[in-house]
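One chain, chain A, appears in both complexes that follow, with chain B as partner in the first and chain C in the second.
Entry: the complex of A and B
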């Protein structure tokens, strides 16, 4: 132990280091603020920059600093006049919701099987399913495009002749189907974890009381796994809503042809002119549904991702 | 209408046979308890009746209908589970009415039945509570309520009292018996606690290692156990067992001899190895033996440990290896016990007894209560070596029904 006189010796740097070693709590708190600030800046600055762009009048799109060159909130109205952006958003929401419903339904059956039944080859099968989600969606683009534009002969029947794949270009089916396949593995994994934690006795009780196995799934297991179902659902919705490749590929970009918001944003760019302020405004508007969803559901998502536990 | 018949029911898993060739014939309105140590197949048997497990072989008939492969919901049964299994996301009313709502009962009929069940179980005040706001005993009542509102042909109960504390368990035992008297519905009850089985049942089905050992009224299981397992399992503390050999006029064991005429029991002859069974309450200090019609000769022993229970005292006694009648042979031979090897018996005596630790005494056995078992097979051969008659004749009396 050093005496009082020793402690007061040395320059400010030395005193500060000694304080930091003796009282690490304040240092950690300081580091926490630094790191938090870093993440806040890196995630929020792009949104701020979008707002700056959106508010800058279209003819002032040069040498923009940290503040908009002028103030033109009219861009948020003009974006709807130039393109039916609300239709693009509607398309995206419909596609994302449909996918979410399919994923939750199919994922629940799969999750029930993986989480609650005993069968041979369960683990390898689950790992195989998860492996699908390792592929980048871009890897499937060419074959999927061929498939959904009717260019693939599925099977050749003796009387009917060749059966072509459906021509789903410009329809939601061309997007919902691959999205469901791509987002199922994650949801199955989440739901499996949750469903496996529901005590067997509850399912037995429901079956004795008069449900089938599927009835017990919907009346007891799913309601008790609500945080897990919400997590899987929200993650799927956001994933599909934000998806780029397949959304961009499977329509011709017209709002009436089920084109999602990707096309909405891109279409503000013409052959000779690009309305960057409108693109920025559209990006902000397009992100709103996801922001609202996350704010509303965040408690459920957090508890679903971390805990995954049911009392008892 | 609520009879349950199990015919050669067998349940095999990959590496074990949980239930082996089980035959049960349970009458309408009967309270039958399946009892046995853990892993004996009693819960599996109940699950096959419930339909939660499909038997590998055999048929199950409930109320005259073959339900072997039917799902649980089509069997007209209700079940109370060991872990209670109330639905945590529903309040008490919804838990109790779950089965009725699934069957599309009218809402006023549902309310009437829930109210009457709540009245029977005294849980009227709890109907809008959630399960996690209830105590263990209240949850158990709700679980029973959920079973009785459906008015099924058969109640199945899988150790429903196992998770309750000792006092509440004894209380709920009485409640269940009262409920059974009131509803007059068949109850099949599973427990590992032989006291629960003894006190509540019309008949007890004792199981071990997947096999049915005996099914009989509680006192028959107690007084005339079918084999060594039942004799040891039913009754607490359990029966004393001593290995012995049949001789011309007696059964010889290491610690004592019992007068016995082998000609009484057809199955036995001289030289056969038998196990002598005697319950603690049928062992008496010699001075109290006056009232016994057929005591054994006095057996010299020494008390070991005393366990006063309040209403009786359990005394562990060490047999000194010779009959008191041979005293002239070894007067004052204190080391005789060790020379002959030591056998221990448990004796139950009146609470006013003056016995102390390490006290020499003489005891007698009530020969009318001595059980004989074939050592090799474990089967009972006699439950009363004085009046005897073979076990087969005694058994037919209660198995006939």
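Entry: the complex of A and C
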């Protein structure tokens, strides 16, 4: 960037302006790369900074710039020792997987009915499912909390007396059951779309071979709709793994009481305020399962989000 | 071993066959209802019953000193006292306050939703326009834009909490020097609102982008050729072709984001805390933990009502578009 060349060429800025006027296409191209770069930096920078923080030794936690003050990878070991973060993650994954299996099974039955059968009351029932997803979780939590702490009388029998609801507080059941209901509508909408697109001929052929209707669902419809099932499954898993409100309120926060990842984070903030490097390490490890899922299943996520939303 | 395995499998199969055969005798309509039984068992116990019960509780008094959750029927007084400010002492922060808007739950929630959704729409539109182009590495750009969307709310909170810790987060020092933030931004309402909005925009713009992208890709490409032949500039092509055709998808995306961001709670709990930024859901949790079930139920239903009101505005706007088209 010597001044001599600047004078010869009329300065880089002027040269650039001249090029831009003569050739607007390349300017748009350049602008496009700048905008793309901006989006990449803004979405990924927080993760880079977490890594910087995690690698910085605990006693160097001041005025951290863009590079770590030192190099201490043991934060990724210590984060499991201070708090059993692996147990919180395990709990979250078990809860999310169980919910996904229930949602896919129940949602497949419903998706088959809504997508392939004619019956009275179809539209009102679909609208009811849609209406439920409008309500904020805060409008469900009070009775659900009473239900799962064993404080709701289910039935009063003449001999046995009052039958109380089960005490599921601090168990996966208190999270899996409400999640299954609250994430069900989205999966039903996705599966209905996919199941309705399977040609009737294929199902009829299986039926002529002697398969029952249920058999045809599991042997023909579901295998042929594998992308749709995968989409519904991935979205449910991510949704449950990311859920905050019910996860936060349905356990007391102890790892051995099935507290999910939400509580791992909250407990770190509450008990280990100064261990910023451990918190950063825990955040990185905690997002890994969903980041892997996004990289592997991005096509499914994109089609699911757009199909699920734009259909309604 | 093999025979036992075989017999248990055949027993399992016969157990599955019996109900499967039974469904063969049902009419199409009956079969549909049978298939829907599990769905409606789940939805009615986990969603419909809790909603109705919460609605009922919102008409009952708080019962702090008895074994029951709620006291006697009090009609609309929970709602009335929340709205006229009589209940503010119980809540810890005012419910609605026009003189001091950022202290009150309703105003905090509405301001947050309005700013966040507008920013997400603009940024999401930008991201969608980028993803609509054909270029090498598009797949990876889409993955990296999508990753924040998949980050658990708790970890999103942790990230932004760490960002703005006074002693380590470099963002704090920078913004203090610029005079934007105070000493500890996560204890000041306005600063925290900004942080929470930025966190929300970071996480959810991708959702907007994907919905808008779906709208963009359904636009008939030959319309652009027509516009180009007619001499329209790039900006005019965007204004007269792209934007009107994407508008329905855009409104649906905004509706979804509005409904979701009205529930804001987790990101507040893990960054600034509910005392600094009292959203409506924050009030539900704090009154619920204080044992004031009647009040909590009323706040929850006012939230649901606000969501419904805002959703109606979008739906009316959407219906206008359909009629106009």
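Everything below uses one rule, namely that the second predicted complex is superposed on the first by the 256 of 312 C-alpha atoms of A that agree within 3 Å, B and C clash if a C-alpha of one lies under 4 Å from a C-alpha of the other, contacts with A are read in each partner's own complex, and residues count from 1 in each chain.
By definition in this document, contacts are C-beta pairs under 8 Å (C-beta built on N, C-alpha and C of every residue); 3 or more make two chains touch, one makes a residue touch a chain.
From a predicted model like this one, the values you see are computed outputs, not experimental measurements.
*Asks:* With the two complexes overlaid on their shared chain, look at chain A and say whether chain B and chain C clash or fit.
*Replies:* fit
*Asks:* Let me test your reading of the model: by the given contact rule, A:48 touches which partner, first (chain B), second (chain C), both or neither?
*Replies:* neither
*Asks:* Among the partners chain B and chain C, which is in contact with a greater number of residues of chain A?
*Replies:* C
*Asks:* Taking the superposition as given, does A:71 touch the first partner, chain B, the second, chain C, both, or neither?
*Replies:* neither
*Asks:* Tell me which partner A:117 touches in the superposition: chain B (first), chain C (second), both or neither.
*Replies:* Only chain C; A:117 stays clear of chain B.
*Asks:* Between chain B and chain C, whom does A:223 touch in the aligned arrangement: first, second, both, or neither?
*Replies:* So A:223 only meets chain B here.
*Asks:* Quick one: classify A:199 as touching chain B (first), chain C (second), both or neither.
*Replies:* After superposition on chain A, A:199 lies in contact with chain B alone.
*Asks:* Between chain B and chain C, whom does A:248 touch in the aligned arrangement: first, second, both, or neither?
*Replies:* A:248: touches chain C, not chain B.
*Asks:* Is A:294 contacted by the first partner chain B, the second partner chain C, both or neither?
*Replies:* The answer is second: A:294 touches chain C but not chain B.
*Asks:* Scan A:209 for contacts with chain B and chain C and give back first, second, both or neither.
*Replies:* After superposing on A, A:209 lies in contact with chain B but is clear of chain C.
*Asks:* Tell me the contact category for A:182 with respect to chain B and chain C: first, second, both or neither.
*Replies:* Second partner only, chain C.
*Asks:* Quick check on the superposed model: minimum Cα to Cα separation from chain B to chain C, whole Å please.
*Replies:* 5
*Asks:* Across the two complexes, what residues of chain A are contacted by chain B and by chain C?
*Replies:* Touching chain B in the first complex and chain C in the second, residues 212, 215, 310, 312 of chain A appear in both lists.
*Asks:* What does chain C use to touch chain A in their complex?
*Replies:* Residues of chain C touching chain A: 17, 19-21, 23-24, 28-29, 31-33, 35-36, 38-39, 42-43, 45-51, 53-54, 57, 69, 126-127, 130, 133, 135, 139, 141-155, 157-159, 161-163, 165, 167-168, 170, 173, 202, 206-207, 210-211, 213-215, 234, 249, 252-253, 256, 259, 262-263, 265-266, 269-270, 280-281, 284-285, 288, 293, 296-297, 299-301, 303-304, 307-308, 311.
*Asks:* Show which residues of chain A lie in contact with chain C when the two form their complex.
*Replies:* My answer: residues 28, 32, 35-36, 39-40, 42-44, 46-47, 49-50, 53, 61-65, 105-107, 109-110, 112-113, 117-120, 122, 125, 128-129, 132, 134-147, 151, 177-178, 180-182, 184, 188, 212-215, 238, 241-245, 248-249, 261-262, 264-266, 268-269, 276, 279-280, 282-283, 286-287, 290-291, 293-295, 298, 301-302, 305-306, 309-310, 312.
*Asks:* Give every residue of chain A touching chain B within the complex, in rising order.
*Replies:* Going by the criterion above, the answer is residues 199, 201-202, 204-212, 215, 220, 223-224, 310-312.
*Asks:* Where on chain B does chain A make contact in their complex?
*Replies:* Interface residues on the chain B side: 50-52, 71-73, 77-79, 81-89, 98-99, 102-103, 132, 146, 150, 156.
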